[in-house]
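One chain, chain A, appears in both complexes that follow, with chain B as partner in the first and chain C in the second.
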Partner chain A sequence: MLSFKRPVNMLVLINILSFGLLFFYREPLDYNVLYVGGAITVLTVLTYSIIYFAHLGDEYLFIIVSMLVTLGVVMLCRLNYMLGIKQVGWYLIAICAFYITFALYRYTKNLEGLKWIYFGAGVALFLITLIFGKSVGGARNWLVIMGRTFQPSELIKIIFVLFLSCYFSGDRNKKIFNINERYIIAAAAYVYIGFLVIQREWGISLLFFITYIILTYIFDFDWLLLLINGLFIMIGGTIGALTLYHIKVRISTWLNPWSDIANKGYQITQSLFAIAAGGFFGRGIGLGSPQLIPEVHSDFIFSAICEEMGIFGGIAIILLYFIFVYRGIKIALLLPDGYDKCVATGITVIFAIQTFIIIGGVIKLIPLTGITLPFVSYGGSSLVTCFMALGILQAISSKKQVNA
Partner chain B sequence: MTNRRIVNILIVISLLFLTLIGYLTYFELSLKEKVSQNPFNKRQWAYEDDTVRGSIIDKNGIVLAKSDDKKRIYPFSNLYSHIIGYNSMTYGKSMLEAKYNKLLLGQDDFSTVFYLSSAKRAGYDLTLTIDHNLQKLASDRLGKRNGAVIALDPKTGAILAMVSKPDFNPNADTLAEKWLELTDNEKSPLLPRATGGLYAPGSVFKIITSAAAIEKGLDGETYEDTGKVTIKGKTFENYKTKAFGKINMERGFEVSSNFVFCTLGTQIRSEGLLEISERFGFNKTFDCDIDITKSRFPQKQADDAMSAALAIGQGETLATPMQMAMVTCAIANNGIMMKPYIVQKATNQNGFAVYEGKAQQLYKPISGEVASRIKSMMVNTVKKGTGSGASLRSYQVGGKTGTAENELTLKSEDKEHTWFVAFAPADDPQIAVAVMMEYSGGSGGENCAPIARDIIQKYLYK
Partner chain C sequence: MGDFFSFLSSLLKYIFITIIYLFIFSIIRMIYKDIKKQDRPLKSKKNADSSSHLKLITDKKNLYFDVEDEYPLDKDVIIIGRSANCNISIDDLYMSQEHTQLWHEDNEWFISDMGSTNGTYINGIKMEDEPLILDNGDKIKIGHAEFLVVLV
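Let's turn to the complex of A and B:
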């Protein structure tokens, strides 16, 4: 019996409506749109059914995320069909990665014992990027593997969470070379952040720092440590803001982008023009001009959504992330103290903070730092690693169900 | 404990997300307008290209501005330059063209939601409260002299005519040709004097001083006017040092005696004058179809000499002609000051009004009794005082003259600003007029009263 009370049916309805609209609004009719829409709907329903009928844990996580992916693909198809088609391809790969990560995490034992392996893997990825990496837009943060570009920092996000969780769930009074381990871990975290700063990945380094602070607050609560970290970042941040040209530019274009619209303030002002054009209800899919924003398909996709689907559309996206975070936190809350709890919290927090940083950036609430909008922005490495993280969260929620 | 802290983090994250939603809403409600009107916004250019900008017509349907393909045409060239302003790709927009840009482009939430075709859009047409014939008369009568003429309906605040000189031709070709000259010209032809020029109000301010005197019960005295009065070492003279002998305040008002009003100024003092001026709208701004510069009354406490100067509209008091027109309206309208407005309505292609200008009360500075006392003083000013130049055979006119010293009168004689404000008919005021000529010399009664009379006559004998 078909009922629209089931979220997945509503999702199918939204897919039919939005891709139908995309199909009809532009002449000549492009049947590719229907193939893209059909493919994404089939993929979503199929994966959802597997999760639901095979009892693979929380069924809502995937529904929320596929709604986000759908909105992203609709927007990408509207901007450029090729991007939309590619993104659906990435979606397929991402779902495969989701199952693989799910299985690996679910059935591998002793994941919490690999602390320094995680750390080493992260550092190795950074080093490889620095040595073999390719510069895109001033930041050396892309690897080219078999003709395809890949952004390692996306993957390192997951490794970072796994690494920190090893420490938080382990024996905390251990001392290495007579130093309390928490300071060693702090130093390790700053090594990661340091690499990111070298790569000029301001957004992700901020994300790593906040995630580290939040996890420390939750799992290793210690005023002295938080204070030291706070001081450290304040001094580091102030020095950076005063000396580093790139940070200075970001702050000045945040405070007043209108004084240099033609150059430095161009991106952010174009984004604000787009949001302003949309109003509450948007100009309608295909009726706005989001292509005027540079990088609209990746970092600025939220502005495009605001222009064509309105501020209400944008708020709906924020609320989707909110429900996702709520589900993630709920999973973590129900777990006993231990590795899984840390990982579940860490992944959820990473998604939440990343969303806040990029949405806050494109609406000029905080300085803009280039970072993707999880599940929505175009890009293989972003989408695949987001689904890998989702796979881990899914695996944890399914363990919980078994235990309960 | 751990769960407790996880919940704390969830709360923080929720607050962060709420901030995002809150800022987006704030952006939409407060910042959007300014952002989207930015000249760098390519969307706006595209939108304007796709739209036939709405026409602007006077209250009787005479077209004052229209769009032909991409050109904006002002058939009466200079006449509406300080009301409608200009609309130029190069120089931007001013006055109503800027303030009502969205409606002229037909941009509102309704059309954004329901516009789904690719046909060329039509903007909304604006109907003004302006009476073209009155506007033309006001401009012709002011002639080549610099200054402003304003006619208002005191009961509604509708602007019937508003002329500022010097003016300019807002049509695209002439604007481009003359732009440098316009911006460099020391007479500032781009300044809308009626609403944006600040001048010492001179004796017209005695209307406000009288109101304060009546409220404070200082209106019963009799004065021995000797033509000049010295207060704290500063001497104030009547116009041409004329001595009026034994007079009361009413007579002092009719003949515009500085002796009487300077004396009243020392009694009311600057604080009292400040208080009542602010009730009349000095030192205050309000939202209006046409931006009106804030008129100023000094807020610092003054000594007797300065209080005396303030009481006769000198000192640091500065008022726009619109401000003094509004004061006149308040007297004519039983102490109620209506908010000036100029856009009567905006209509879409089908004649449906999407916006309507409404008569709104702005302030109530004085009571009806005080207003009617001043009203009769103003009627007598026209009947047997300085304002006789404005009298009409079949209607009772009330008025007040003003001659204001300024920075130029210190050096040379005959550079005073001259003023005249009036309303008629006295028993049921239909029109209030303010005429101001800058640096004209002479007196308000000679220069300005006849212009006010002609405008009132044209309006009432229509």
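Let's turn to the complex of A and C:
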């Protein structure tokens, strides 16, 4: 009956062991930890069973993602117990969002006809953020709705993919005002990136740019356009690196964080110390000191996992993202050319690049930019929008099975 | 933080890593099997029409599991069942691990039920323990799926 060859059983085992361990972490013993562990296990198993028995498409996507969420919640409960509870609450909301997006995408027709509505929605969200937004950590990118903060740029990621897919799946030689449409789309993509630069969201603007380039390369290959984009980003990047204070700081702390270790280089050096302290198998959950890293619960959670679960734990996280991205690309490859194929590719690329940017940042491979690790980092808007994107991918994979 | 917790945590970290990697390995194994299953029918499809085969006659839309339109009878012994080792493996919950056996002898195709839970039906009649000779146009119902026997 209970075979350990099934991944979901192993996930339940991990849950029991890790939350059982965390139960003994604080004195006096706190039974709420067990409730958190129970809640996340029940949610995961229930959703997986629904996907598996109701045949809602690919069964691997959700099980991979729920492993990532579990590792994130375990680490958050250990770092700051309140954040762990909140994250499980967000996980519940995220799963609801997952089902709603799944149903909407699965049973709505003519999604590819709404090109300029997507564009308008994205721009409107940006404008609302600029006017009513609140600054957190140097970036004016938070909206406050009923006392809760919300990051619109997370949602715009999905809108951006939907918008680009409308163009890539449609008639590509159409001309608007005698200009080839691909240049208009390029301009529209730069409008999005421009808004993000105004908000000083370097990480997400880089993410948008790379996603746009990759999708153009896959679906609408054109040397001239790639050359223009390459030149544009080189000139823009150089000017930015030479003039803008924020970017200059990031590049100098990337090249040599040790020169200003007490201030600007503090975060990245603490992250490197944490990863080094972990070794191969880590120091054990609760035995390290990852709380020394500023912002460890959101951007730097990968370093905390590396410290307490070791390099092997970190590699496991990266491997999980690898098989997730592999599944996404597999789904996209099996589809016939069209809107769904572009959306599946776009969402997979967004997840892959976002993971690369933040993990590369915290291990000092590339300059650090503040962006969340999908599914693992603490953050309501990040978790909910990641699950919305997953819902779209799931809906696309279930469509494929019907047609096959 | 007591000694007990330190001991437990340092012990469990090895177990965690092991389970996580087993988890990843099991997913990769499942995906690998999935791909292998998808590749197989492509090779055998070529000669299916011109030789003896089993043809699916149930509407695929009513079946929740993956099943091919045609299965060639290209070996002397063919076992149908839910197990992945069967020649014709169909993941139907109403099917036993090894459900039905077909074999070729003296220019005839024989069928016999391998002691399955839900039985094998030939032209709507549940078959007994003795093997039967198949004719062209017989209908075999195994689990949810029904097949037409095409003998050349």
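Assume the second predicted complex is superposed on the first by the 402 of 404 C-alpha atoms of A that agree within 3 Å, B and C clash if a C-alpha of one lies under 4 Å from a C-alpha of the other, contacts with A are read in each partner's own complex, and residues count from 1 in each chain.
Simple rule for what comes next: a contact is a pair of C-beta atoms (placed from the backbone, for glycine too) under 8 Å apart; a residue touches a chain by one contact, two chains touch by 3 or more.
Keep in mind it's a predicted model, so treat the numbers as computed, not measured.
In the superposition on chain A, no contact is made by A:L226 with either chain B or chain C.
When the shared chain is aligned, chain C comes close enough to touch A:I63, but chain B does not.
Once chain A of one complex is fitted onto chain A of the other, the partner contacts of A:I323 are limited to chain C, with no touch recorded for chain B. By the touch criterion defined above, A:L272 lies against chain B but remains apart from chain C after alignment on the C-alpha atoms of chain A. Within the superposed three-chain model, A:P7 lies in touch with chain C and out of touch with chain B [touch as defined at top].
Look at A:F281: by the touch rule set out above, it reaches both chain B and chain C. Residue contacts after overlaying the shared chain place A:H55 against chain C, while chain B stays out of touching range. When the two complexes are laid over each other on chain A, chain A has residues 281, 283-284, 287, 319, 326 in contact with both chain B and chain C.
Chain A meets chain C in the complex at residues 4-7, 10-11, 13-14, 17-18, 21, 24-25, 27, 55, 60, 63-64, 67, 71, 281-287, 308-310, 312-313, 316, 319-320, 323, 326-327.
Those residues of chain A that touch chain B in the complex are listed here as 214, 217-219, 221, 258, 261-262, 269, 272-277, 279-281, 283-284, 287-289, 292, 306, 311, 314-315, 318-319, 321-322, 325-326, 329, 332-333, 337, 341, 345, 349, 352-353, 355-356, 359-360, 363, 365.
Those residues of chain C lying in contact with chain A across their complex are 1-2, 4-6, 8-10, 12-17, 19-24, 26-28, 30-31, 64.
Chain B meets chain A in the complex at residues 1-3, 5-7, 9-10, 13-14, 16-17, 19-21, 23-25, 27-28, 31-32, 35-36, 38, 40-43, 46, 109, 112-113, 116.
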